[in-house]
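See the structures that follow.
There are two complexes below, and they share subunit A, which is joined by subunit B in the first and by subunit C in the second.
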Partner chain A sequence: MSGGDPPRYQGQGKGQGIEGGPERLYVVTAGRDRAAEPVPLDLVTLIVSRGKPARGMQPEHAAILRMCTRPLSLVEISAYTGLPASTVSVLLTDLVDGGQVETRAPVPAAELPDPKLLEAVMDGLRKL
Partner chain B sequence: MVRAGTSTEVRVPSSAPIWLIPPALLGGSAVVALALVPGHLRAAVAWCGAAAVLVVALLAREAVRRGRQLAALRERSAADEAELRRRLAAQEAQAVRLAKELPAAVARLQEGALAEEALSGLVPGVGSAPELEEAHQAVLRSVLEAVEAEEGLRDSAQRAFVNIARRVQAIVHQQSQDLREMEDKHGENPDVFGDLLHLDHGTALIGRLADSIAVLGSARPGRQWQQDVPMFNVLRGAMSRIMDYRRIDLHSVAEFAVVGPAVEPLIHAVAELLDNATRYSPPQTRVHLTAMETQTGVAVEIEDAGIGLTDEARSRAERALAQASAGLDLNDLGETPRLGLAVVGRLSQANDFTVSLRPSAYGGVRAVLTVPQRLLTVTPSPGGQIARAATLPPIRPRPRPMTGPSETPAEELEAAVPRAANGLPQRRRHRAAAPPPARPAGAVPAPSAAGAAATAGPSEPPTEPGMWLAAFQSGVSAEPAAADPMRNGDEATSEGE
Partner chain C sequence: MDFANSEAAAGPQAGDALPASARSAVKVVVVGGFGVGKTTLVGAVSEIRPLTTEETMTQAGAGVDSLVGAEHKTETTVAMDFGRISIDERLVLYLFGTPGQERFWFLWKGLFEGALGAVVLIDTRRLEISFSVVNRLEERGVPFVIAVNNFPDSPCHPMSDIRAALDLPDHVPMVTCDARDRSSSRDVLMALMRYLHSLTTAPRSDSD
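Entry: the complex of A and B
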């Protein structure tokens, strides 16, 4: 009686995230696409958990807590969980608000060398 | 009639002499009168008496004959009446038989039998006239054929519906996958990401509608799952398919997984119940969703704080749930709530879910859907795939593939390279070094050339595949072999890892 076969589910997609799960991303963040108030989080902000995942916690939160026993950047969490960065940042905002994770400023970008040093290099090269 | 019958019986044996009595009496009285009257009148009286006796005798005889005729007629009519009554009774029995046989045959037809098969399964009636039996069969046949044609028509309409639903499902499925990819791609741009989520949600709603139509067309709902899915993810999957998913509070969820084939029906049934709950409760109230372990399985509870159901509405809803087996009525497709409950009923029937609607403590409705034990397994990872995946990679450092000296920590480099007084790295001659053990075999032209390596140091290309060039250069310059401090350091780190 069934006319044609339904589209079959093609195993897991790329990554190990919720790609293959029945839920969609908007449910994971309860419909938020960004943090309610701007929290200083960018892709390279380092996240460290300050506690252990509690029972009854949303699995994504628990996963982030477990993952961040060592400092991880937001973009790394996004890669490991397979969730987009915006989703991760919403989840992290929840955790930051609950005091369960701590954010650390990213490692500062490499400073430009001292102009004097560059001059010295130039001189040295000319002498060769 | 009985009285008439007895009266005829009484009259019949005595009827032969009876008609003689009146003329005999008249004859007697005529004789008496003849004796009494004077002589000159005697002739006239005798004539009159004779004529009267004759007339009376004739009349009496005629009366008796008619009486007999009447009796015979009565007898015949009574027999006729009895016969008619017998026939009537037979006909009534036939009608009763028709009333019994017709629904049975129609039911058999609906189970998929052909009209001929349904007819042949009937026992012929006993004692009825052959033409009556024939007429009976003809009525049955024509009705069954009409029903069969109607069934066929409905079947093809249903197939058409399912077909359309399948196509919509396929498009929605593709769309969802594309959207997920786009969400990954634009995950860093909140504006685009938000719009994508919005589209994703709309697509999921379309998908649910297509699934509903497919289910009502007696087909399976959407996609099929190969692996077991944790209950938590199933419930969130159900949440992602309704309009007002933000109003749903997902509380404690039993740590079970649902076996693959039952995942999609369960998601869909819960989604329909959630949709009803959010649709018929005030928009500012919350809807509570839990899944608890029970003796017979897992009970998924959906409680809303709406106005609740009156007894009449509840019985109507339960009827809608129970009637689901009766098939798709295309007229029902217009009415959303009945559509939802019919879908739930259909899914429950196919998968042994039980659904009950009771008044909730919050004042609304408490819908409980019980999933039987045989559709559940123990979940390997309670939180779902994401929780499992997340524990894997970063906890223990893995040996990284050697990518070249850029991996070398800065301190080691600094220690190895002596500095001049102005802080610049100072070039120095290299000592002999053993050929690096972990070279790609094909890339090295001759190990002996590398053994005689000379000033490769700073000019050495930093990456592994370029090392043959260093060996070549050292061979050409033919300087004494020197160690490459950078490579030393590199090997030390790569071994240390």
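Entry: the complex of A and C
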């Protein structure tokens, strides 16, 4: 009954997405393994570009700017680029620092969620 | 090979883009063993086809360590599938289908932090996998409901037997579902939301 493997959006085959294993990831983040600043980027932080990519920009940065003309979560960027979420987080921190993207933080974590928020989610689910 | 011209890096198709008005997102984690139907459930309710995010794990099991000096470690790629539901013009719900083994949970920083709660998807043919999941979530204080995925050849256990087998507190809701079915999977999420809502409005019993 399993739905099988989900489609892999990082490409139909070789030559798409970002390849090359850990060394490649090391290169695209210039050796940083995590964001330098504790910018609170969550898997579901929504990212929106503030402008078009500049000439000479690192391709990964440019790709993120192009795909975030509408809001897109960090984890969706990870799926579409084929880069790990941890790597995307580093790349996004560069763009946040440079003022090139706007972030829309998740609903703040709390001991217990706001009942109003839960009611909104239930209303939304009922429409499914 | 060329990332800049790669179709894969183009992002979502027009129909999969969120409205510009989307302001904020919330998470629900669907936890379960391999083959229990996590991605099926996520796909049944998601407005986009489930996507996959991957992280690299070193064989040492240290999680997301620095890759520097990792030349002699074996790298394993771990995948996690997720889907999305636009709740309204401003709010988005993300659903993550996560392996039951706790060591995978740390690969995605913040997976459980800030999550509204979790669904533990259970296959009664392999109940034993679920013990540790239930324990780990309780330790972390993540509220959860149990959803029993009804496979055609599943033995038919009364819910009370499953509750006893998992040593589950009385207040944790249990539902049965067909993870292939949209409304059935939606009802699982509704059960979680109702439970969370009850936790916010009723005083929590701290007896257990």
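Keep in mind that, in the parts below, the second predicted complex is superposed on the first by the 86 of 128 C-alpha atoms of A that agree within 3 Å, B and C clash if a C-alpha of one lies under 4 Å from a C-alpha of the other, contacts with A are read in each partner's own complex, and residues count from 1 in each chain.
We adopt the following convention: a contact is a pair of C-beta atoms (placed from the backbone, for glycine too) under 8 Å apart; a residue touches a chain by one contact, two chains touch by 3 or more.
Model, not experiment: these values are computed from the prediction.
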item: Partner chain in contact with A:Glu119 - subunit B first, subunit C second, else both or neither; value: second
item: First, second, both or neither for A:Gly56, with subunit B first and subunit C second; value: first
item: Partner chain(s) touched by A:Ala85 [first = subunit B, second = subunit C, both, neither]; value: both
item: Subunit A residues touched by each partner, larger count belonging to subunit B or subunit C; value: C
item: Subunit B versus subunit C as contact partner of A:Val44, first or second or both or neither; value: second
item: First (subunit B), second (subunit C), both or neither touched by A:Ser73; value: second
item: Subunit B versus subunit C as contact partner of A:Arg104, first or second or both or neither; value: second
item: Residues on subunit A lying within both footprints (that of subunit B and that of subunit C); value: 1-3, 5-9, 11, 16-19, 21-22, 25-26, 31, 33-34, 43, 59-60, 62-63, 66-67, 70, 72, 76, 78, 80-82, 84-86, 117, 120-121, 124
item: Complex contact set, residues of subunit A against subunit B; value: 1-9, 11, 13, 16-28, 30-31, 33-34, 43, 56, 59-60, 62-64, 66-67, 69-70, 72, 76, 78, 80-87, 117, 120-121, 124
item: Touching residues on subunit A, where the partner in the complex is subunit C; value: 1-3, 5-11, 15-19, 21-22, 25-26, 31, 33-34, 42-46, 48, 59-60, 62-63, 66-68, 70-73, 75-82, 84-86, 89, 104-109, 112-115, 117-126, 128
item: Interfacial residue positions of subunit C with respect to subunit A in the complex; value: 1-4, 6-12, 17-20, 22-27, 35, 37, 39-40, 43, 45, 49-56, 64-68, 70, 75, 81-82, 84-88, 91-94, 96, 108-111, 113-114, 116-117, 151-152, 179-180, 182-183, 186, 189-190, 193-194, 196-197, 199-201
item: Of subunit B, residues touching subunit A in the complex; value: 155, 158-160, 162-163, 166, 169-170, 173-174, 176-177, 180, 183-184, 186-190, 193-194, 197, 200-201, 204, 214, 217-226, 229, 232-234, 236-240, 245-246, 252, 263, 267, 382-395, 422-424
